[in-house]
Structures are given as C-alpha cells and as structure tokens.
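Two complexes follow with chain A in common, the first pairing it with chain B and the second with chain C.
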Partner chain A sequence: MAPAATTPVVTLRPTGAVRRRQRVEQVVKAGLLGTASVSVLTTVLIVFSLLQPTVEFFREVSVGAFFGGTDWAPNFQPASFGVWPIVGGTLVVTGIAVLVAVPCGLGVAFYLSEYARPRVRRVLKPVLELLAGIPTVVFGFFALTFVNPKLVDRFWPIGDVSTFSALGAGLVMGVMIVPIMTSLSEDAMSAVPESLRQAGVALGATRREVSTKVVFPAALSGIVAATVLAVSRAIGETMIALLAAGNRPNLSANPGEDMQTMTAYIGSTALGDIATQTIQYKTIFAVGALLFAVTFVLNIASARVVRRFRQAYE
Partner chain B sequence: MTAPVSLVGTVGIGRRIRDAAFRGLLYAAVGVALGTLLVLLVDTVNQGRPKIGMDLYRNFPSARPARAGIQSAIYGSLWVVGLTAVMSLPLGVGTAVYLEEYARRDRWYTRLIELNIQNLAAVPSIVYGILGLAFIARGPLGWGPTIRTASLTLTLVVLPTVIISSREALRAVPPSLRQGAVALGATTWQTVWRQVLPGAAPGISTGSILAVSRALGESAPLLLLGGLAFISFNPPAGPAALESPYTVLPIQVFQYATDARQEFHVIAAATIVVLLAMLLLLNGAAIAIRNRYQRKW
Partner chain C sequence: MVIAVNDLMQLHRPASTPPTSHPVVMEAVGLSVSYGAFRAVRDVDLAIRRREITALIGPSGCGKSTVLRCFNRMNDLVESARVEGRLTYHGIDVYGPDADAGEVRRRIGMVFQKPNPFPKSIYENVAFGARVNGRRSKAELDELVERSLRGAALWDEVKHRLRASALSLSGGQQQRLCIARAIAIEPEVLLMDEPCSALDPVATAYIEDLMHDIKERYAIVVVTHNMQQAARVSDRTAFFTTEVADHGDRRTGVLVEFGRTADVFSKPADERTERYITGRFG
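Let's look at the complex of A and B:
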C-alpha cells in the first residue's frame, strides 16, 4: 500500500504529487485524531470541574457528616449536609422507575423479537422511537398535571398526597426508560442464533417456552446490561423528578410523599444565581460528583457485560 | 400396524393457559408503553388547546398569563440547536471516521476512546450542565449565560450520540468499496472522502438529525446555564446572537409548568405542542432522508 520505494534502480521515488498526498494524509489523520480527542477531553473536564469544588466542599464539611447525616438543609442557617434524604429520594424514584421499565421493556422486547409479525414490527418500532424522542420536560409536565392528580392522588392508599409525589415521577420515568430497555434487550435477543430456537421447537416447546427457557437465558447478559443502563438513566434523570417529585428533602419510604432527588437538588439550587465561592455553590459540585461516580460505575459495568455477551455469539 | 397418533392437542391445558397468559402479559407491556404515549399526547393537546394560536408566537415570555408567549424561546431554540448542529457534526463525524477508518483496534488508546464515548453517552445531562457552569459560563471561558455557552454545552451532550450513529453508518459501507479504491492507488483519505463518506452520507445525516433533535428537547443542563429567565427580546440576527442571553422552548415549558397558576399550565401545554411539532418535523426529515437515499449494498 505504501507508495514509497527503496530501490533506486527504477525511479519509483515519490513524485511531488505523491509527497503532497502523503502530507495531506498526515494532516488529515492528525486532524481526525484531534476531533476524537475532544470526547476524551470532555471526560477530563467533567472530572476536573467536579473535583476542585468537591475537595473544597469536604474541607468545610466532614466526609462523615456528608455520608452519615440524615438532615439535608444546605441552604438553611445553620446548614446541614447529611446527604441521605436526597439519596433516599433518588433511590425511591429510581426503584419505582425500574420496577416499571424492566418488566415492561422486557415484555415489549419479547413481543418484538419472538411474537410480532414483520409488518407489526415495522409499525411498532418507529412508534417506540417516537416515545424515546419525547423530551423529558414533557414527561415531567405529564407526571405533574396528569399522573399525580388523576392517578396517584386518587388511588394511593397511604397518607395524603400533595401536588408532588415520588410515585408519579417514578411511574412516568419508568415509561420514559422503556424504549432504552427494549432496544438493548431486543438487540441481545436477536443475537441469539435461530438454531437454538429451532432446536427448542423441535423438542416440542411452545413459543412461550422458547422465549423464557431458550432465548431469555441466552440473552441474559444483554438484558442485565440493559437493566443496569436503565438504572443509571433513572438515577441521572432530572426534569421529571424536578417537576413532579417535589423539592423537599424527605427521607421516607412512602412513595406517595414528595421527595427531592439528587438531580432535582442540583437543578433547583442552580436556578438561583449563586456566588462562586459559597458553600452552596460547592455543594452542587459535591452532589454532582456523587451522581457522576455512581452513574460512571453503572455505565462501565454495563459496557463490560455487553462486551462479554457480544464475544459469546460473534 | 400402529394406529396413527395425532400430534394435535398434545400441548396440555395447563401449558396452553400459561402460553396465553404470557402472550397477554406481552400485550399488556406493549399496551402500557403505547397507552401512555397516547394519553400523554391527547392530554397535552387538550390542555393546551385554548392557547394554541398565533398569540402564542406573537407574545414574549411573561409573568402575566394573558400576555405570555414563546417567541423568544422559538428563536432561542433555533439558534442554540443550529449552532449545536454546526459544532457537533464535524466533531462527531471526524471522530467516527477516525475510529472506523484510521484507528488501530489493538491499541489501548483506541479502546479507551471507545469506552469513554460509551460512558459519555450515558452520563446524566445535568452533569454536563455542571461542566458548562464551571468551565464555560464561568471559569476559564467565562462566557456567561449566553447562546454560545448553551450551544457548546449541548454539543458535548449530543456528541457521543452523533459519533455512535455515524460509526454505524460508516460500518454499513461494504469493505469491497474501500478495497477497490485502495487497489486503484487511492490513499486512505482519498478512499474515505470519495467513496466511504458519500456512501455513508444518508445514514450519517439521519443519525445526526436524530441526535441533534435531542438537543432541541434538552433542558436540564440549561437550567444551570441561565436559560431560565423571562427573555422579552429575540436574539439579534448575525454573530452578535452568540453573546445574547437566551431562553429555549423546553426551559419555557419548565418555567410555565412550575408556576402554580392554572393559566400557566395551559401555556406550558401549548408550548409542548409547538416543541413536539418541531421535533416531529426534524424526525420526519430524518426518516424521509433514510427512505429516499438509503442504499442497499
């Protein structure tokens, strides 16, 4: 492929045009590497932007008070920085979302991959893409003005339900995540070789038995990866929690109550114009760092599982 | 002679019930997804109906419901999303070309870049807002709450998606095309520029439009970047717009939705209808490109 010749006998030495082409080649390659490094730089910048204020935050607030405390009131006097109420809020909302998204997403994936006729698939898939394309602020508005007053308030049996509820936010967030869950698990299911299904049918298995006893175990690692990514997405989702779950730090197990998530804390605190050197400003970064760390671990775990399952069938 | 054994009906009644129940559950799952989508659309259009009209476009955001509109948000969204597209396209396609056509798979840094992009695609968008706040709005760049701050931040948000979809489009171009070009003496870049990129262009445009349409609906990072304000003027035409304060449609939805007064929820719903119409337009364009130009190799 390289046009350069070493033997001087025949003049295959690069002409001016060839040398120019080689130079262009090098410049282009360097340029492309430059664009590729932007994404690496982004990660570096995220880590740096989080790190410095977070370190400064922990100079003023002890690590024990942050991770051990159950009172979250960073904007009050005296301020208190126990992170558990907003972690608890995040866990409750995420838990509900995952309880909706995983069974529902898996069901749709099974239907698309094992049951639906090609014509139904051709219609259903773009409709699911439509669901995936709806902005999260729209889901948040729907949770606030429809699900909270018309479903949660009416049917949730425990305690009084206010305008906001973790349940309404979680339910809508779950539906929002269904397309992600579906597309990743369906990828895993269609990667299962057809011969396995045929073997199952030949042994007399019904479609359900092939789905649950052949396809499901074979696609399990992909489904696990999809679930992990769904959890990560729910933890990081801001607008639905901010609009519909409320903004009161509230360490409670009753999902009918209003709760603040970590993302909602960041979103609502950053709305005001906070001075750079204040503890409130640094608190945003400390919570952001926690959020980034948790989702980072989940994303990498998911990527690893996906990689392993790809190697199994290709 | 053995009597003919009928295989019909060998599936026992218990199994048949379970089969039917399983099928029912799958239908239910599809029903939940589609039903929610339907209820969401119908309910939003219903709520917003009284406000959908030219007044919504003519008026600017306001704290008084009778005079509240979204004109500056429409133009703000067009500017922010347009600039995001202009920045994220070359960066994303360049990265994709590097990874698909130049990078050596066996090198650790290639693997690092790939894993990094996978992670970035799943980083919560509000974390990008924190990055934008620390580095772009304040800190080293110090651009303040302006359109260029919003666009650059959203560029970083959508970049991983642009890269991933462009890579898929490049991968769909058959290797024989590259081999043919190289056999004729073309350099790698000549091959990419004259053979691979034209072949992958429809796929790249479709994927990129879908990625950029994400920027149109994105609001969480912009909450941190001063997008939340009653902006009663449009961004100036020309480069001066870059340094103009801004608001965008999803932020306007948020602002109206958080107001306790019912009239504002009507405006929020009407704004959502406008936002969804713009998204539908973009997605429709993406699908049209896919159907019109996509080649089967």
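Let's look at the complex of A and C:
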C-alpha cells in the first residue's frame, strides 16, 4: 500500500468553469425544449378548441344525419347537415391536385437528382423553390381567370362548364404543390449513397433502371412523406378552392362542375357574421374536426406504409 | 515495415498457372486517362488473361483505380474523365462505336472497395443483375441465387435467411454478397478494387481463398495496397508509380513493370519496383 503522504490530491469534482458550462447546457436544453413544446401545445390547443363546439354540434345534429346525409345546407331554413357534398368536393379537388403534383413532382425530382448535370441542378432547384413562394391567392386568381375559361371551359367534354370548376381548381392546386413534392423527394433521392448507384451501373443497369430499382426504393420513405405532405396541402388548401371551384355544395363525380370543399365552406362561412352559439357556428368546428381527423389518419397510415416498405440504408 | 522479398515469395502459392500462358481476354495498349486537364495515368500496356489473377499495385494516387474503372467503363460516370489509347475485350474496342457500356459491364463485373449491398434482401441483391438484364422464371432465379451464393462461399451462412436485409450481414459477409451479386451476372472478367481493405484479417483470408477458388472461371483483376496479398493471390502483377509530368506540377501515374508475380517479386526488373515491394519506397 502506498503511503498516504505521497498520494497526489485527485479530485473529479467539477471546477467553477465546468459548472458554468453545465449551466449554459441546461439553459440551452430548456430553451430548445420550450420551442418544441410550443408546437406540441398548439396542436393540443387546436384539438381542444375544436372538441367542445364539435361535441355541442353533435348534440343538435345526429351523427347519422351528418355522415349519412347528401344534402349540405347548414345556412338555410330548414337547415340540412349531410356532409357528403363537401367531402366529395374535397375528394375531387384533392384527387386532381395529387394526380398532377405527385407524378410531376416525382418526375422533376428524378430529373434533378439522377439526370441533370450539377450546373443545371444548381439553377433549377432555387427557381422551383421560388415557385413555392407564390401566394395561393395568386394561384387561385390564375385558376379563375385563365384555367377555367381558357382550358376547362374549352376542352372539358362532359356537361356544361360554368365560370367555376373543381377541375380548374384541382389542376392549379396540383401545380402549386409540385415544388414541395419535388423538393422533398429530391432531397430523399440525393441522400441515397452514390455507392449504390455505382453498384447498379456496374451490374449493367441503365440510368433509368438505377433510378427506379435502386434510388426509388431506397428513397421511398422520404417520397411517401413528401406525398403525404402533398395530399395534406391539397386537402387543407383553401384559397384556390374558394376562388375557383365555385363554393356550391355539389355531390358529383364530374370535375367540370362547380363544387365546394370543406376548407372553402369553413373559409366562406367564417367570413360572414355568425353568432357564436348558433348551430351554424358549431358546424364550422365539426367540419374542422373532420378535416383534422382525416389528415391525422392519413399521417398514421403513411407511417405504417413507410415502415412496411422502407429500404433503410445505413 | 520492411518485408524481405524472400518472405513475400514464400507466401506465393505454388502457381496453378502452367508455364504456357492462358488466353488474353482484355488488353490495354497505350491506355491513358485524364480528368479534365490533369493526366492521371498514361501509356499503360496490360494483358488480362483468363484463369489468372492480375494484381495492380503501387503507391496511392498512381492510377490503379482509374485504370480498373476503364475496364468496365465506370469512368463514363465521371464527367471530366477522358480515355485515350486502346482497350479491347476479345479484340473488340471497349470504347469503340460498336460497344455498349451496359453490355461491357454485363461481361465485366466489379466489386468495390467498400461493401455496397443494396438495402434489399440478400436474395434480391443477388437477383438484381438477372432481373435487370432480362426476365427469368422464379425457379431459374432461385437456382441462380443459390449458385452465386455458393460461388461466393456465403450460401451456408445465409441459406435460411435469404429474405433478410443484406445490411444485417457482417462487413465480410456483405463483401462476399457483393461478389455473389457480381458473379450472378455471369461475367467473364471480375474487377476488384481493394476488396479487403474494409475487412478484418479473418474476413480478408476468406475473400482471398474465395478468389483463389473462383479464378478457374474468371479473369480477375485486383487492386491492392497489401504486398502480401498481391504475393499470395496473384499470378501476374502490374506495378504502377507516379512521376512528374513534363509540364504541370501534379504527378502522373505510369506502369513500371508488368509480369508474373513470382518474377516481379523475386527479381524485379526496375529499381523502383524493388524499393516499393521491400517497403523502402519514399
């Protein structure tokens, strides 16, 4: 045993400087946690603010009348609360928008990530992201004044097209969403390691085969996330639908007709003056809650899909 | 580290190569590669023979990978790369108007330095080339996958989990999977760029044994930094080095010596080769 006298004094207790750094760490951590909780708290608050008027709404209108009815006239006398016309309108407009945005967005993403020379990519990507910054009201106006009269009215073969159409609104909404779809899926594709592309090429695969059989599956989780965001944007988009789709509850499968989406209903009704305790007021919240539920389910479902098909690379 | 040439030669397996040479599969004549204005390697004359392992050795940056990537036209992916000289496969110009890069790569397979399995199942990794290069029945694919995995000495370790992700394998297993994937397209030439440099000694020994076992069926070209490895596995060795170009300040790779491994290691014709293989390269 070593004599105690010669043992140097060893201490592992933090010095003053170390303790100061630890305090800074704690403050930073608390600050970051604070910002994170703001967004979580907001979501919770939204749910709660939707919940109470929604519950009150269903005290006055039966669930069956809401989900089973095909006549949407909450602001008329006698009022009718069958939600299908505006759900249908949302489905049609969203469907068209997604049919435009997902293939186009993916195509552009494939081009940028797999085909374009670096110089082309450096120019094109920011231009595309600029497109994402255009206010939706401008897109809506474009749909109303150009796409509806000049394209839909002229070329849509079925039925009479009025000034408004779900088709025009959906097409323009799709174009509006292309940049987000492109940007997110291009990020996912670019993140696929170059070594995997080389492996594909070395096995005799063409660029297209490498894109579809190597890059696409490896980037799938990011692409699904981009698609979900695109769908959510389309479901939630208000201004274009309000301006160009017609804002008339209309349960129809013909996209050349005018329709009302759930968001357009909320937007237009909330603009008028309605007293807070009326059924009209509560209807807004019921539709809002339905929108929230749809997007929520969509997100859960997509998380499942991703987990099922994901090809994780380290 | 200084290794006596005699020690290295003891590592050399008794050559399975008969004194008569095997037929030439690929031949480079006056091959030079530039990246933009920079000439990376120049005037390379090489003959790659069937049933032989050809090792490319030399100091870092001398152009071994660059030369190797010419053989299956992987340099096509590098926009600035320009290939001059003649490179033939059975007498056909690999860079000629009649040669399609895809066809070239189907006959000349490649294994990379870092194992790069696709994030797919073990089965799908091996089947990839066959799926891309034309449809086959399920039974044919099953047979091909088993044959290739056996060929890469991996079958027994993975036969019960062919549907598991390739990324669940160890690094050495992943590299053997990449070899299985490469031989599944039934190439005639197999290019390997430092295939063991990311592996531990045991996994390395596995791959070396594997190379020795499969060389009867392929012409193998392997880049290595490991002198013992070159001595152990190869039949012929090409030694590259760098020298200052006539103009410019960057060093260009040149082929110094190319011959039977036994000769290159025991009686190198060039002083630079001897310095390098005995570890006195400066």
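Here, the second predicted complex is superposed on the first by the 264 of 314 C-alpha atoms of A that agree within 3 Å, B and C clash if a C-alpha of one lies under 4 Å from a C-alpha of the other, contacts with A are read in each partner's own complex, and residues count from 1 in each chain.
The rule is simple: a contact is a pair of C-beta atoms (placed from the backbone, for glycine too) under 8 Å apart; a residue touches a chain by one contact, two chains touch by 3 or more.
Every value quoted in this text rests on a predicted model; they were computed, and no experiment measured them.
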Partner chain in contact with A:G236 - chain B first, chain C second, else both or neither: first
Touching partner for A:K213 - first (chain B), second (chain C), both, neither: second
First, second, both or neither for A:A65, with chain B first and chain C second: neither
Chain C versus chain B, contacts on chain A by residue: B
Chain B versus chain C as contact partner of A:R117, first or second or both or neither: second
Chain B versus chain C as contact partner of A:G200, first or second or both or neither: second
First (chain B), second (chain C), both or neither touched by A:L251: neither
On chain A, the residue positions that both chain B and chain C contact, one per complex: 204, 206, 209
Contact set on chain A toward chain B in their complex: 1, 3, 21-22, 24-25, 28-29, 31-36, 38-40, 42-43, 45-46, 49-50, 53, 100, 103-108, 110-111, 115, 124, 126-131, 133-142, 144-146, 172, 175, 178-179, 182, 204, 206-209, 211-212, 229, 232-233, 235-239, 242-243, 263, 266-267, 270-271, 273, 276, 284-285, 288, 291-292, 295-296, 298-300, 302-303
Residue ranges of chain B touching chain A (in the complex, touch as defined): 10-11, 15, 18-19, 22-23, 25-30, 32-34, 36-37, 39-40, 43-44, 47, 90-92, 94-95, 97-99, 102-103, 112-113, 115-120, 122-131, 133-135, 138-139, 156, 159-160, 163, 182, 185, 187-190, 210, 213-214, 216-220, 223-224, 226, 228, 250-251, 253-254, 257-258, 265, 268-269, 272, 275-276, 279, 283, 287
Residues on chain A engaged by chain C in the complex (per definition of touch): 117, 193, 195-196, 198-206, 209, 213-214, 217-218, 311-314
Chain A-facing residues of chain C, complex: 72, 74, 77, 79, 102-103, 105-106, 109-110, 112, 114, 116-120, 128-129, 131-133, 165, 167, 178, 181-182, 185
